[in-house]
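Structures given as structure tokens follow.
There are two complexes below, and they share chain A, which is joined by chain B in the first and by chain C in the second.
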Partner chain A sequence: MAAPLVMVVLAAVTVRAALYRSSLAVFISERVEVASPLNAWKRVVEGLALLDLGVSPYSGAIFHETPLIIYLFHFLTEYAELVFMITDVLTAVALYLAIQDFNKVVFKKQKLLIELDRYAPDVAELIQTPMEMHYIPLKVALFYLLNPYTVMSCVAKSTCAINNSVIAFFILATIKGSAFLSAVFLALATYQSLYPLTLFAPALLYLLQRQFIPIKLKSKSFWLYTMQYASLYLCSLVVIICLSFFLLNSWDFIPSVYGFILSVPDLTPNIGLFWYFFAEMFEHFSLFFVCVFQINVFFYTIPLAIKLKEHPVFFMFVQLAIISIFKSYPTVGDIALYMAFLPVWSHLYRFLRNIFILSCVLIFCSFLFPVLWHLWIYAGSANSNFYYAITLTFNIGQILLISDYFYAFLRREYYLTHGLHLTRQDGTEAMLVLK
Partner chain B sequence: GAMAAAELLVLLLVAAGPGPGRADSGRERRDTLREELLLSPLPTGDVAATFQFRTRWDADLQRGAVSHYRLFPKALGRLVAALGVRELHLALTHGFWRTRYWGQPPLQAPAGAELWVWFQPTVTDVDKAWKELSNILSGIFCASLNFIDSTNTVIPTASFKPLGLANGTDHHLLRYAVLPREVVCTENLTPWKKLLPCGSKAGLAVLLKAERLFHSSYHSQAVHIRPVCRDASCLAVSWELRQTLTVVFDFFASGQGKKDWSLFKMFSRTLTDTCPLASQSKVYVDISPKNKEKELLEVSPPPTSVHEAVVQGDRKTYAVYDLLSPSLFNTSRSLNVQLKWKRPQDSSEMPIPTLHAQRYVGGYGLQTGEICTLIYNTHPYRAFPVILLETVPWYLRLYVHTLTIITKGKENKPSYIHYQPAQDRRRPHLLEMLIQLPANSVTKITIQFERALLKWTEYPPDPNHGFYVGSSVLSALVPSVTAMKDVDVEQSPLFTSLFPSSDGSSYFVRLYTEPLLVNLPTPDFSMPYNVICLTCTVVAVCYGSFYNLLTRTFHVEEPSRGGLAKRLANVIRKFRGVPPL
Partner chain C sequence: FQDQAEQFFRSGHTNNWAVLVCTSRFWFNYRHVANTLSVYRSVKRLGIPDSHIVLMLADDMACNPRNPKPATVFSHKNMELNVYGDDVEVDYRSYEVTVENFLRVLTGRIPPSTPRSKRLLSDDRSNILIYMTGHGGNGFLKFQDSEEITNVELADAFEQMWQKRRYNELLFIIDTCQGASMYERFYSPNIMALASSQVGEDSLSHQPDLGIGVHLMDRYTFYVLEFLEEIHPASQTNMNDLFQVCPKSLCVSTPGHRTDLFQRDPQNVLITDFFGSVRKVEITTETLSLDRDVAAVESKFPEEEVATEPLKYAEQLPVAQIIHQKPKQKDWHPPGGFILGLWALIIMVFFKTYGIKHMKHVF
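After this line comes the complex of A and B, so read on.
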């Protein structure tokens, strides 16, 4: 399996290198869909220039990266392109290894459930075989590396790639079962963009499952393990934040990074829902709706944890998607990360209801974004409503895609336990409804 | 009748007798007023008229309560004392001084309103004092200076050094603000004229009629208050109030295409008498010959004297009309100074000022842009440094790593940069640089910016008009062609003593560039409800889908007995002879 992976990596690196040298690089790095105020490369360079001038990068409203990023790029500015290409490759390799391990876990679990007779007799076609699962890790790496969203994000040198890389390593560490590394990478991801905090729940569930600790609220070992993992996570977070303090000798980065993510003062258009909503919001209700929108990202975690406690990796996928859709400054780089997981659920294809329409919606919207942006900002013949409409459509497309996959997943689980050919009481073929 | 007359007599006696403050005029407070009008014909055929009214008051406004105001206006005096102001400079301008064609201005101001103030070191909360000051001045001058707040106030570190007496210059006591959108009209001129001791009833101020003054290319009225030395030994401090008004009459609009100017043609008034409170009242006409030839300008009536001075590095000759000399109003009751050109001026002789600048916005579209400033040093062999101060509002996000300064094709690194980035909705960008200008060169300074999308309530009533960026300030010590002697403020004309001169080899000049008009992307202002509803719908779609999937489970659908529609359909089918549903 290593050879095809190497070929995929080489192809990806070639595509990126070719784009770096072409005139499209400048065009892509200016696109608001790819670079947001949080992760644009222009702002990183601006922060480093401010540091050179002797002014704190956080004294203005331009720079919203964490001090560790300053530290990283202070020495690597000339090699930025190489750094981002290597980051993408590392993400893909991490996802490859993680899904490889995950497949083994899935297969073991399947075997166990078959032996325990938990599955209905006629579900042979629903069981995943090693043959069909053999190419899934490669497909995942391919989906990530050659996804146009990832390529554009890399060519624009958006630091979203670094965030994706950290999350990929976190997933790898979780699936391999190392609680310490998982906590450290999760702390790094939270430190950079705050929203990965919600990935704590699926990681905890996975690690508990791996340790064969039952997930019952009264169980002492459950609470013990949870406390251990939580304290590892919180300690690493505290250590990283204190390290950032010592880098620049001030706490200025906290309002500049986390205050900025939470209070959304910058209304630069992007593919998310926040910007136009708060551009047109009555001042009186601004604080209320900021709170509502931020809570919206976090509050799906507990219900999903209750429903999907047996399937933590799917839970992680849904949670990643929710973060990418509802975060305050989303970019296509965030979308690319959860889309890389779609091959893992390729066995759900037969239960997806709207996949054709949704893929069309997503593809058309991706093409319409730059067109309507040009019409608004450069040609002046459209106004902001056009771009906003495409934003709405794109987000509806993503939401329906995720809920479609969720529906398919739950339906397959039902079939696995109840049998594929369902009959009603009188023997005729049955319909399955959600009640 | 008799009682009233007696009362009137008593009142008159009391008023005429020695008052409390007038016992010995040598010891206590003394204020003097000098007024002056400078007429300078400009190379393009326009004429500039600069009025200056200087009240000097030998009193200490800061210490001790001053109760008796004579020539110094009480409104400003109490303001200075109450708020701990050390220096105050307020200018209201409409139009732009075209330095390239008109030459160096005696005192330039940027378009709109400009206010800069040095506070005393005793002031503890400078921002609070600044806010109060701008509000009080807004009331006094009927200008919307109350719009000065932290989003357009900056603290320059090198540009606005005190023009009066100063010991120690902690720049945290300085505040500078510009309102480029401010419109100047008669409403601002009237309170300005009211501060003059003679009002607009006598002396040079009778010429200040609004309908002529605002029908001009450039109109700038300013108030400058600063402490000065009382005498050469500088043991005591006096307070000086200068009110200046500069107006440029256009050759085509006001001059009707003819290059003969007169006071009547410019102001539709002539001078009839002097202000009795003024100790000096003079009219200067610039009759300097160009290119060392004989004079080509003829003034009538003949002047009372001729004055030569080195002003802004050039030797200049002035025809002086002293309104206090008795011979002036002998022949006629009114003085109408007339300027006639002896021969047509060659247009190729237009002198180019040593330092001039322009600024413009580059780029296209509503996403990014570039501010370009061009600074010209036309001196043939001397290089000199210039301090550039740029104040850019927060919604044009400057990227200082894109700042490039190119002179003669090579990069020119500034020897001093002070950059304070903006904070959204709180303070603007401040960029101050000291740039060395080589001789005979053009320096191009460019910096890129990004245009922000604002909240819909933050746009002004006409959002597609654009947003103004205030003029940038260039301060320089320009080397002068002719050596200048140190001027004694009391003896020399007012227009030579505006700026303190450090040495004779250079003169101080402060130039302003054009203000910029920049468009920002706008949201649709008619859509707040629609946007809220639509976005909340999208969030609700997600919530609804997930709610369904999380709270409901799959069930096999049990056949229902059929609703009403099904039963009706079965009845019809039975009639048709078709098997039922």
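After this line comes the complex of A and C, so read on.
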């Protein structure tokens, strides 16, 4: 499988290099959907220039990157394009290896459940075979590298690519089973942008499953392992933050990065839900609504953990999607990461109900974003409501996509254990409804 | 004969200027444009030429699509008086009427590309009439529905004019709501001010014309126009009559005036000193000899014989200093402790993952 992967990588690198040399690069790097105040390349350059002039880059409201990014780029500014291409390739390779391992785990579990007679007799067509699972890792790498969202994000040199690669390495470490590496990468991901904190739960569930520790609240080994993992995670986080202090000898970066993410002061339009609300809200209420909006990201973790505790990787996928929909400054790069996982659940296709409408909604909205932006900002014949309408529709499309996959997944699990042809008590065919 | 010559220079001004400003746009503010055009008409009729009038109208009423009688602006109902004739010369029109442009006209700080018709080229012997109308409040006047000029700004602009010797005497008339607040802050000499209403009062409009559909004039300016129609270039009517123009019974608001900064007695100030451009020409057959004065003037200013060489450019700005003025930019480097700590951590993670036994290959 290495050769096709290498070809995919080469194709992706060619596409990106071609776009870098074309005139579209400038246009794309200024799009608000691709570059947000958190990860725009312009701001990184500005921050580094301020540093060269002897001023702390966090002194204005321009630079919101972590000190490790400063360290990474302070000598690599001329090679930025190479760095971002390599980052994308590393992400794709990490996802490839992760999904390869995951497929093995899935297959083993399936085999175990068949031997234990846990499946109903008539579900042969629902069981995944190695043949159809053979190409899934390649498809995942392909989906990530050649997704127009990823390409645009890379051409715009948005540091979202680095966030994505850290999360991909975290997923790889988790699926390989190394708790230490997984904690370290999760700490790095949380340090970069605050929201991967919610990925702690699915990672913990996966590692517990791998160690065959049952998830019961009274079990001692469960709490022991959880404490171990949590302490590894927290220690690495503390170490990384203290290390960042020594870069500039100041704690300025904490309000600039985390305070900025949490309090959302910059209301530049993006594809998220925050900007419009807070642009028109009275200051008196803004604290309350900031809390409400931010809780939205973290709120679904516990219910999903309870429902999906047997399927932590699907939980991770849903959680990643929730992060990229509800985070304070989303960009298309975040969307590209969870969309890369869609081939893994391609066996759910027969249960997806709205996939045609949703893909149409997502594609049309992606095309309408620049159109309505132009109408609003340049032509002056539209206003922010038009752009926000498209933002809303796009996010609704994403939310419906995730809930569709969630429904399809649960439905398949139900059929696996209860059989495909469900009958009611009087013998007629039953319909499965998600309540 | 000396007395006659004295009378010739009694008022102290040699030329007249007028700055007439209407600050409101939109069709329903027809009356403000009509106000300004009435004063324009009177001032022109009494002799001030277009070259000495700066007329600023914020909107076009004569050719407004809503005007049922195009190319006319009436000041009396039943279309008795059309104040927009064939020879109206508007200097600042539509969006050019801004606070910035108004202040630039007054103070003379205009870009070099401005044509002469848009400039107030007054000197220290000019009497200037400034008439402003529009919507105002306590301490401000609204321009174009989007910005304001405050009484403080106006007072400072007049002070600038005084310090630059841009006027001899200034008559300031304002017809807005709470207009008296606009002249409260003046502090420069030789300014006389009139307003249509006191602070806390509104200036009201006069008559609507049902054929045109809007109010045609404001009350104060309507009665001022009636008063001015009776003035001719040789009339001796003085300012005290202008102060009585609109009593409360006719105007509903109480017009106010301010003369404490003015050095002459208003009784001695003719209306035509500000509204007209009067040239008193007396033909004399006698010759006046001015030699006595010329000699006196010459002795006061002996020529100074100081030979100054012009400075060369290089001497004025030492080039060597300019080149080395900026400090050399140093690139920032991360502190050594940070790099050490980071790489130590990375190596520790690496060996923890892949086993400690690899370390013995390093050593």
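Rule of thumb we're sticking to: the second predicted complex is superposed on the first by the 434 of 435 C-alpha atoms of A that agree within 3 Å, B and C clash if a C-alpha of one lies under 4 Å from a C-alpha of the other, contacts with A are read in each partner's own complex, and residues count from 1 in each chain.
Note that in this section a residue touches a chain if its C-beta (ideal position, glycine included) is under 8 Å from a C-beta of that chain, and two chains touch if they have at least 3 such contacts.
From a predicted model like this one, the values you see are computed outputs, not experimental measurements.
Novice: Here chain A is shared; do chain B and chain C fit on it together or clash?
Specialist: These partners clash in the superposed model.
Novice: Please work out whether A:Ser22 is in contact with chain B alone, chain C alone, both, or neither, and reply first, second, both or neither.
Specialist: Neither: A:Ser22 stays clear of chain B and chain C.
Novice: In the superposed model, does chain B or chain C contact more residues of chain A?
Specialist: B
Novice: Thinking of the overlay built on chain A, is A:Ser346 touched by chain B (first), by chain C (second), by both, or by neither?
Specialist: neither
Novice: When the two structures are overlaid on chain A, which partner does A:Leu181 contact: first (chain B), second (chain C), both, or neither?
Specialist: The second partner, chain C, only.
Novice: Of the two partner chains, chain B (first) and chain C (second), which one does A:Thr77 touch, if any: first, second, both, or neither?
Specialist: In the superposed model, A:Thr77 contacts neither chain B nor chain C.
Novice: Which of the two partners, first being chain B and second being chain C, lies in contact with A:Val239: first, second, both, or neither?
Specialist: second
Novice: Now for A:Ile399: first (chain B), second (chain C), both, or neither, which partner does it touch?
Specialist: First partner only, chain B.
Novice: Between chain B (first) and chain C (second), which does A:Leu267 come into contact with in this model arrangement: first, second, both, or neither?
Specialist: first
Novice: Contact-wise, after the overlay, does A:Leu53 reach chain B, chain C, both or neither (first, second, both, neither)?
Specialist: Both partners, chain B and chain C.
Novice: Would you mind checking which of 111-119, 165-173 or 201-209 on chain B runs into chain C after superposing?
Specialist: 201-209
Novice: Starting from the residues of chain A touching chain B, keep only those that also touch chain C in the other complex, and list them.
Specialist: 48, 53
Novice: For chain C, which residues count as touching chain A in their complex?
Specialist: Its residues touching chain A are 329-335, 337-339, 341-342, 345, 349, 352-353.
Novice: Spell out the part of chain B that touches chain A in their complex, as residue ranges.
Specialist: Interface residues on the chain B side: 364-368, 394, 397, 399-401, 417, 419-425, 452-457, 521-524, 527-528, 531-532, 534-535, 538-539, 541-543, 545-546, 548-550, 552-559.
Novice: Mind listing the chain A positions that touch chain B in their complex?
Specialist: On the chain A side, the touching residues are 30, 32, 42, 45-46, 48-50, 53, 55, 59-62, 265-269, 273, 275-283, 293, 296, 300, 303-304, 306-307, 322, 325-326, 376-378, 380, 383-385, 388, 392, 395-396, 399-400, 403, 406-407, 410-411, 414, 422, 424-426, 428, 430-435.
Novice: Enumerate the contact residues on chain A facing chain C in the complex.
Specialist: 48, 51-54, 68, 70-71, 74, 178, 180-181, 184, 239, 243, 246-247, 249
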